[in-house]
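Letters A, B, C and D mark the chains in the order given here, with residues in each chain numbered from 1 onward.
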Amino acid sequence: MASKSFYAVVAGVGAGTGRSVALRFARSYPVVLLARKPESYSGIVSEIKQQGGQAFGISTDTSDPQSVASAFEAIKKELPDKKLAAAIFNVGPGFAVKPFLELTASDLDTSLSGNARGLFNFAQSTLPSLLDAVPTSPNPPSLIITGATASVRGSARFATFAAGKFAVRALSQSLAREFGPKGVHVAHVIVDGVIDIPRTKGWTVNEGVEDGKISADAIAESYWHLHTQHRSSFTHELDLRPYVEKF
Amino acid sequence: MASKSFYAVVAGVGAGTGRSVALRFARSYPVVLLARKPESYSGIVSEIKQQGGQAFGISTDTSDPQSVASAFEAIKKELPDKKLAAAIFNVGPGFAVKPFLELTASDLDTSLSGNARGLFNFAQSTLPSLLDAVPTSPNPPSLIITGATASVRGSARFATFAAGKFAVRALSQSLAREFGPKGVHVAHVIVDGVIDIPRTKGWTVNEGVEDGKISADAIAESYWHLHTQHRSSFTHELDLRPYVEKF
Amino acid sequence: MASKSFYAVVAGVGAGTGRSVALRFARSYPVVLLARKPESYSGIVSEIKQQGGQAFGISTDTSDPQSVASAFEAIKKELPDKKLAAAIFNVGPGFAVKPFLELTASDLDTSLSGNARGLFNFAQSTLPSLLDAVPTSPNPPSLIITGATASVRGSARFATFAAGKFAVRALSQSLAREFGPKGVHVAHVIVDGVIDIPRTKGWTVNEGVEDGKISADAIAESYWHLHTQHRSSFTHELDLRPYVEKF
Amino acid sequence: MASKSFYAVVAGVGAGTGRSVALRFARSYPVVLLARKPESYSGIVSEIKQQGGQAFGISTDTSDPQSVASAFEAIKKELPDKKLAAAIFNVGPGFAVKPFLELTASDLDTSLSGNARGLFNFAQSTLPSLLDAVPTSPNPPSLIITGATASVRGSARFATFAAGKFAVRALSQSLAREFGPKGVHVAHVIVDGVIDIPRTKGWTVNEGVEDGKISADAIAESYWHLHTQHRSSFTHELDLRPYVEKF
């Protein structure tokens, strides 16, 4: 059932989770796609339209508060009568995997900025809208955040990456505890495995067994489930991993 | 899409989670209900039949290996051609909340027996059948286990209850790690709040706000989601709590 | 500074942690050793006496409430004027490591009984004495419990062992929360590695590097540190593992 | 036993943990104190000298890589023949406790910078020296990091503070896993309560009971214990809280 009065926004779209989540939510809502470059979202916009959905993209750098503010002003102009039912933060800045003494201050900044600052900006722009949608939204307005193994484990050689991901999880928990009682569902999803996307096609993971990489569409189904959970029964953190993954 | 070739079994049905899970899974499978006494399952069997589903109950004490073995022999006779797609362990033995020095060896035994021994027996009887269903089941064959706040937190005055619930979680983790790679989805669900059932109607929780108690039907939706997750993207533990719950 | 008015009791002594803890605490207190068989404690009693300490052993099966009660009656006769400053539960029943479907009800019972029931009995007998020592003990009266990796992780093939260890941790947490505010320090120690004892001499762990197995004396130092922590700064759970251990 | 060949450095000294740790480690090592302003360390330097220890301070902003690099050059000149046995990161930048929508980008930056960037800089400057001390140090060279409740829990209204503290914990874990096998003991300490210092004198915590605030000297004893743990038995994370603290 597509809603005429609500929309969804997905920050961080490309070939994997972001695309699948956008397509999944587009079955019910017009979807706004945020990515740094048009080439990251334009193909997905076309796919959604081909399937009868409504979508557009805005070039946005979520680590920059001005860029995020501009994006949401543009959304307001484009969708003046719609309220925000779901906001997905799926931004994954590139990261360095190196011995600690080879990491630089810039590696740390990239991680903190792309992850923590990105979510901070995105949450500050979306939470007022999500709160506004609480009384009327068909599903509890949701802020869903993509995490990784590094969100809960600081592995050797992943120091700066884990720093950014842990910080995102901290923000997510704090937001869940502050905005949950106001009716907004904030959920953090730990994607614990390699996602099956064009970039990882050649990688051998889990001994190469079938379904040893995570289907991005499967992730999207779980995001949709989170969004549709009744408010008496919220999940605040979810792990997703292949059946063959060691954990 | 109701499956003609598969069935589900729910151990521990009554007025809450068990009933809702049985009704939910009955939309796709014939469901077998296990409870100690017929009065716990007979009404649910009727409800399922009224809704066009197929169900029957067997009086079973899951803490007794003989009783469990008999139940599964009876199921085999009743459903000779069906494979097991989903097994839900939702047994919640009564428990004592008392200062530690007032707890007795019998309080501890009740908890260990009803929880840990119950799941042990149930898992030993269901896992061979779940494994057998892997190649053909429309969804990954699933063993889903109900936990509680006490599964992850030993609170003061809950010593024996927590002992049983922690033990169940240990078994669940071990089974998830052993049987996941074989295609069976084992998931443990932490129900962190009071469920809205007749017995809790008079209780004031979360200051009595609307939806401050967990809807059993909402829990059932999440169990169904776990069951339908693609095997490349399993969740092994799930928290469920009201939007207003402190955590 | 050896205390004349207080004593310590160690349940579960043999060649490893129990022995080292007994020797360490014997530098300050008379120590009572509990083990099923005299051959497990008699050598340690001699060692303690040779070093000028005071010690005796009592053959006790901690999984049997009667046996534990008898032991503490015997202690009362032997040390009529002493209060209990420290109780260490270090019981480690033998355990099965097997595929789940090869484990038996008896494997589960051995683990639940030796671990959970053992601690339950020991705690019921020692906590009244520990409470009694609060006003006068030179260090906060302490109940220290030995755990293992399986206390926090249910690995494949360790289902029943983990069930018992998780249950022990549940009891420990509950006791810490109930008795901490009354001045008794309850701490759970996760020994995450192989201990360097005669039985493990031939085992190659951590590629055989020096100090790749845990020194039991080092564990004992940490137990002593826990015992001597100021009550404004208690640690309730402690991990111990070799510098080269993967975690 | 004071070592002539090794020294310790404590970053973040003032009236609480930093001072007590400096005094404790000064019983065995010359100690270098880092703080932004001389008034934070000069009194402690005097105290240490009065007790027969050796100490000096350097005005340092740990969030600034240049400032940290200068400090360690100054140390090298001052203590040319000494190796680094222990480095303690105890920096606690001021933090905002506010509803999320009132927090600013600057609140987030303060937390990320003072916490994560501070530890990053400090670790990059100290780890080479700690590694250098491995073969000869009387105790395993140690990097000990002070955390808080907010290191493991993102509470409502603590979003930015928790982001910084989670990031520090991520770095700590990663360093522990990379440098542990090389002989350096990296440990993260979660101080879960209010410390008893002049600034908190007027605060009523834990209903004002005696020892309801954490003694900074008690914290220092646990840091010293961490430093002296045998390398076969390292603790990588430690909680410290008053006996009456809810947890």
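FYI, a residue touches a chain if its C-beta (ideal position, glycine included) is under 8 Å from a C-beta of that chain, and two chains touch if they have at least 3 such contacts.
The model shown is predicted, which means the values in this text are computed figures rather than measured ones.
Engineer: Look at all chain centres (mean of CA atoms) and spot the one farthest from the centre of subunit B.
Structural biologist: Chain centre farthest from subunit B's centre: D.
Engineer: Given that subunit B and subunit C are copies of one sequence and touch, is their interface built from the same residue numbers on both sides (over half shared) or different ones?
Structural biologist: same
Engineer: So which one's got more C-beta contacts, A-D or C-D?
Structural biologist: More contacting C-beta pairs are found at A-D.
Engineer: Where the centres are mean C-alpha positions, what is the separation of subunit C from subunit D, in Å?
Structural biologist: 31
Engineer: Could you put a whole-Å number on the gap between the CA centroids of subunit A and subunit D?
Structural biologist: About 35 Å separates the centre of subunit A from that of subunit D.
Engineer: Going by the contact rule already set, what residues in subunit C reach two or more other chains?
Structural biologist: 177
Engineer: Just spell out which pairs of chains touch, all of them.
Structural biologist: A-B, A-D, B-C, C-D
Engineer: Provide the residue numbers of subunit C that touch subunit D in the complex, in ascending order.
Structural biologist: Spelled out, the residues of subunit C in touch with subunit D are 140, 177, 180-181, 183, 185, 193, 196, 211-215, 217-219, 221-222, 225, 228-244, 247.
Engineer: Tell me, which parts of subunit D touch subunit A in their complex?
Structural biologist: 65, 99-101, 103, 105, 108, 112, 116-117, 120-121, 123-124, 127-128, 150, 153-160, 162-179
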